[in-house]
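Input: structures, listed below.
Here subunit A shows up in two complexes: once beside subunit B, once beside subunit C.
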Partner chain A sequence: MSFLLLIEQILNGLQFGVMLFLTAAGLTLVFGVMGLINLAHGSLFMIGAFAAAATAAATGSFVLGLAASLAAAAAAGALVEMLVIRRLYNRDHLDQVLATFALILIFSEGTRWLFGSFPLYLNIPLALSGPVTLPGGIEYPLYRLTIIAVGLLIALGLFLLISRTRLGVQIRAGESDREMIAALGIDINRLYTVVFALGAGLAGLAGALVGAIQSVQVGMGEPVLILAFVVIVIGGIGSIKGALIGSVLVGLTDTLGGVLLPETFKLFMDPASATAVGSALASMLIYILMAVVLIVRPTGLYGARA
Partner chain B sequence: MSRETIFNAVLALGLLLFPLWAYVADEPFMITLATRVAILALAGVGLNIALGLGGLVSLGHAAFFGIGGYAMGILAHHAQSYTPLMEVPFLIEGTKSMPVIWLVALAASALAALVIGALSLRTSGVYFIMITLAFGQMLFYFAISWPAYGGEDGLSIYVRNSFPGLNTLDPIQFFLIAYVILAAALMFAAMLAKSPFGLALNAARQTAERVETIGITPYRLRLTAFVISGAITGLAGALFADLNRFVSPSMFSWQTSGEIMIFIILGGVARLFGPVAGAALFIALEHVLGGLSEFWHIYLGLLLLAVVLYARGGIIGTLAGREVAHD
Partner chain C sequence: MMKTKSLLLAATAAAMTAGMALAEPVKVGMITTLSGGGAGLGIDVRDGFMLAVKQAGNPDIEVVIEDDQRKPDIAVQLADRMIQSDDVDILTGIIWSNLAMAVVPSATAQGKFYLSPNAGPSALAGKGCHPNYFNVAWQNDNLHEAAGAYANSAGLKNSFILAPNYPAGQDALAGYKRMYEGELAGEIYTKLGQTDYAAEIAQIRASDADSVFFFLPGGMGISFLKQYADSGVDLPVVGPAFSFDQGILQAVGAAALGVKNTSQWNKDIDNAANKAFVESFEAEYGRLPSLYASQGFDTANLILSAMAKADVKDQDAFREALRAAEFDSVRGEFKFGPNHHPIQDIYVREVVQEGDVFTNKILGVALEDHADAYAGECKM
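Let's turn to the complex of A and B:
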């Protein structure tokens, strides 16, 4: 295993982590502000990917596709919030889990009904295709590098939004005391819709960006949703900073584990069984990481103390 | 007799009479549907002990369902290929005997529930939901990437396992096995709910502090409930695998966890017969709507949404009133 390969895998892990962050940020915001567990967040990721693939196929423009993914996912988010989610804020978590599980069924089958069961493809724009040579002679796909940059920029923007803007002040106030900010004359219903749509839009954008690497298909959102759960459990529910650190940790652990573990086992096992044991263990690694974090800190790295 | 007791009796009798009618009318497929209802209801009875009685919203019960399934798959696989399960340090052979498989499924899923529960119960609320979900996924990916027992393709068993004195390949006899086990589990769950343990668990769900004040540790109560719950769901998994003569990682999938939870919600949370009513409705919907439209999950989703938003308490709650509604 060469040093160059290791750097490449670290970049892959970083790219994966940054995309997870875009999904996890919305999930953790929605939980932090509204106290809602939203299983249908993965469906918004999928809607973004489908909107981007359909728009890019119709117009030939990747940028328009990205814009469509943001718009479609945010609009779907706002609509669902006003029709269904709003009724769930005062319910217990069980009702929230079931209602949002029902939403997944509706979104997934609805998408299958609209687009069919075959995957769609979203092509990487020409200007971003092909590799670039990084310092040290590493060849790395330009598109993935762009994703890392875009993701980090969005993370920065989100931090600024929350720490520096009026909306951010309202979001933070909503996290600590929702009755009080309603009493101060802030339209809490509108704030909730905006936060939900913001989280949905980010998830949709992540879906579109990832959709150009994988194929765009029904059910693509749920694996990401579960990883996003792992991320916010590790990072601490409600914490954006925790979501970022958790995402990068999960991204790196998953990617590096998949490469390094089989290699490590090859040192003292025959190659075939080393690959089997290594890859089986690697697929469980992030959950083991989560369990370890929970044993040390039951409310996650940056979660409020229970 | 309360309306709920009457409803329960009708349900229990109906689930028995329907396959008997199908047997007389020579409709083996209908018997299989009823068997599915009985087995899935059993999985729901298991989850209901954690969810209804203990207030533990586990979204990872597919883990135990899958472990039960693989316990059956692995034992039967070794028996049908005449290879021992392990030779060192001592010899373990596969088996085709249902009672042995059930015991192994119970023990294996109880052990898994002990480990998963001990870790997950350190947390509560949303964290608990997400962690149980994540543990379920962990086993799902492990089952997919572990090649020894079929990996992604799963394991097929050629002949259904045997039960002394019965012909398990006959649908009605296999149904009766599942029905008797379901009835035993329901009786056990009813006794558990009325026992000092069940009362303490119920109290811990409502106000953990008060239970602690009188010297009971909620953590231990919950862990015990979680282990019992996981073991029963594991037994259902073994039966389900035997019904299909096939196990695959999809038994571990989080959709399975969601479906087991749906049975309970459709039927009514913390109702003894809630999972039975829910599983029966689910299978009936799957059969009827699935025949009408390829996209029947949309209707299932809408129905579920309507139940959660408007008909809290599920079928039994709507029909029998909200005497023991959850809070």
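Let's turn to the complex of A and C:
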């Protein structure tokens, strides 16, 4: 394999990682601050993609579609938090899993009822379509570079929000001691709604960005949800920095594993079985990575709580 | 008393005017996917099937429809209930090969007919064939074999091939390689349900391939095509119809234009039955039919043709009537091989734009009167 191809694959891994980060960031915030396992996070991702596709189809503007995805997912998140999630904070995790699983079914069938059973059309805006040539002669899709940039900007924004703003202080306080911050006169209900809506909005934005190069269909959020859980377990629950490092690790492992393992097996096996064995092993790699991280650091790379 | 008598009279009159010699009603149990990610396919099969039933206006056919949610365990439960409590005569409807493998062998063993409107796993075409199992669509490998044959005739000599790593994906690559005579520039198994193909597209770019063959059904194909179109790689793409059906094309948009794909059906096949089908489907449901809808439509018409000739309770006679396949298939010529799988023409289509709608048009025949590779292993 040539050096250039390897660089291109590393870019692909990075880009996949950044896409994962957008989903995982919201999930880890909600899990860290509220101690809530939200299986319906993938549904919010789907709502974002559908809102973007519908808006882009009606107005012809991708940017308006992105804005709609953010607004629709955040609104859905706030609504769900006030109607359902609020009643679950004092229950154990099994109740939360059951209730949020029910939400997945409601959102999926609700979306089908509104938009029908066939995938929707959402495409990259013309200005961002096609490949650009990077130094060294690598041709790389401009849209994927944009996703990397947007993701890193959002990571920076979240980092500043958590470390430099009043809301960030409250979120961090909520993570370490929720009774105490309630006692200090902070409206904990409002804080929770805001955090949940923020996480939902991020998931929705990720859904819209990803939807442009994938299929906008019912159930698109669930595969992403599983990976996002892997990411936050690796990164450490509640840590934005952990989510970023974990996402990039998972993205790189998944992409490079899928490319390099079959190549390695081809050195001592015939091509057909090398492909079969290599791809089978590659699909386990991120879970092996997760197991190794958990053995070495049971709370994840940047997890604070035991 | 008076009322019952007149009702009876009316019923008899209706039966006579409908020309029904055999009054024994037939109960059909349809298990198909109506919710979740793959629902578009099941809905098309159901709508095509019910359109044919409606057009026939035959009061002796009753259809029970249930949603399997694309889950084998639910499909098995539904089949058990339909066989044991609903007492159906014929089962049909299953889309996915893994669900078909869970349901079909036990249903046929319990003396029911199973008519597949879609899934055609090789196990049921070869050693596992059964006198009561008919496949009205295709054996799984067929469309891929046609793609391989088309690649030869188009002069493609170095294909890069990819499919998901699961049984139907392995069948797909095997089917393509069975007919294709050129070299392979690369062979990749992707993950089932994978949505990002950047790594695979980079490998295609780096290889010296002259074409790409892929089997990625449903959402996977949409993702691949959009990303491939945006990558700047412009090698010709060949695939089976599953990534280019009417339900998917609108979501892919211009990225699919010009792609060659293989199918046993298209809306422009020139025969009266097909013209009537396309027109009436569009009038009834407000959308163009897909190949899945055509398969559902043919399945129902096959059942109706057998009902006109034999009583379903007389299994041997009914089986013969099914095997004769004397109905006007929307595919034109249609007959069953010795293993009850179709022998049919498979076409090459090209994705085109008609007004605002993306659809397919036929370029030519890829394989004429094509039978599957497993018929020889079937002993019945």
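In this text, the second predicted complex is superposed on the first by the 305 of 306 C-alpha atoms of A that agree within 3 Å, B and C clash if a C-alpha of one lies under 4 Å from a C-alpha of the other, contacts with A are read in each partner's own complex, and residues count from 1 in each chain.
Criterion: contacts are C-beta pairs under 8 Å (C-beta built on N, C-alpha and C of every residue); 3 or more make two chains touch, one makes a residue touch a chain.
These figures come from a predicted structure and were not determined experimentally.
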* Give one word, clash or fit, describing how subunit B and subunit C relate on subunit A after superposing. => clash
* To do: Scan A:R112 for contacts with subunit B and subunit C and give back first, second, both or neither.
  => both
* Asked: Does subunit B (first) or subunit C (second) touch A:T255, or do both, or does neither?
  -> second
* Look at A:Q217 in the shared chain and tell me whether it touches subunit B only, subunit C only, both, or neither; answer first, second, both or neither. => second
* To do: For A:V230, decide between first (touching subunit B), second (touching subunit C), both and neither.
  => first
* Asked: Between subunit B (first) and subunit C (second), which, if any, makes contact with A:G130: first, second, both or neither?
  -> second
* To do: Report for A:S279: first if it touches subunit B alone, second if subunit C alone, otherwise both or neither.
  => both
* Structure fact -> After superposition on chain A, the stretch of subunit C among 26-34, 80-88, 296-304 or 350-358 that runs into subunit B is 80-88
* Asked: Do any residues of subunit A touch both subunit B and subunit C, and if so, which are they?
  -> 108-109, 112, 276, 279-280, 282-283
* To do: Give every residue of subunit A touching subunit B within the complex, in rising order.
  => 31, 37, 84, 87, 91-95, 97-99, 101-106, 108-110, 112-113, 222, 226, 229-230, 232-233, 237, 276, 279-280, 282-284, 287-288, 290-291, 294-295, 298-300, 306
* **subunit C to subunit A touching residues, read off their complex** => 35-37, 39-40, 43, 165, 187-191, 193, 195-196, 198-199, 202-203, 205-206, 218-220, 222-223, 226-227, 230-232, 247-248, 250-255
* **Interface residues, subunit A side, partner subunit C - complex** => 1-2, 4-5, 8-9, 12-13, 15-16, 19, 108-109, 112, 117-121, 123-124, 129-131, 139, 141, 143-144, 210, 212-220, 223, 255, 258-259, 262, 271-272, 275-276, 279-280, 282-283
* subunit A-facing residues of subunit B, complex -> 51, 57, 59, 119, 122-127, 129-131, 133-135, 137-138, 141-142, 144-148, 254, 258, 261-262, 265, 269, 295-298, 300-302, 304-305, 308-309, 312, 326-327
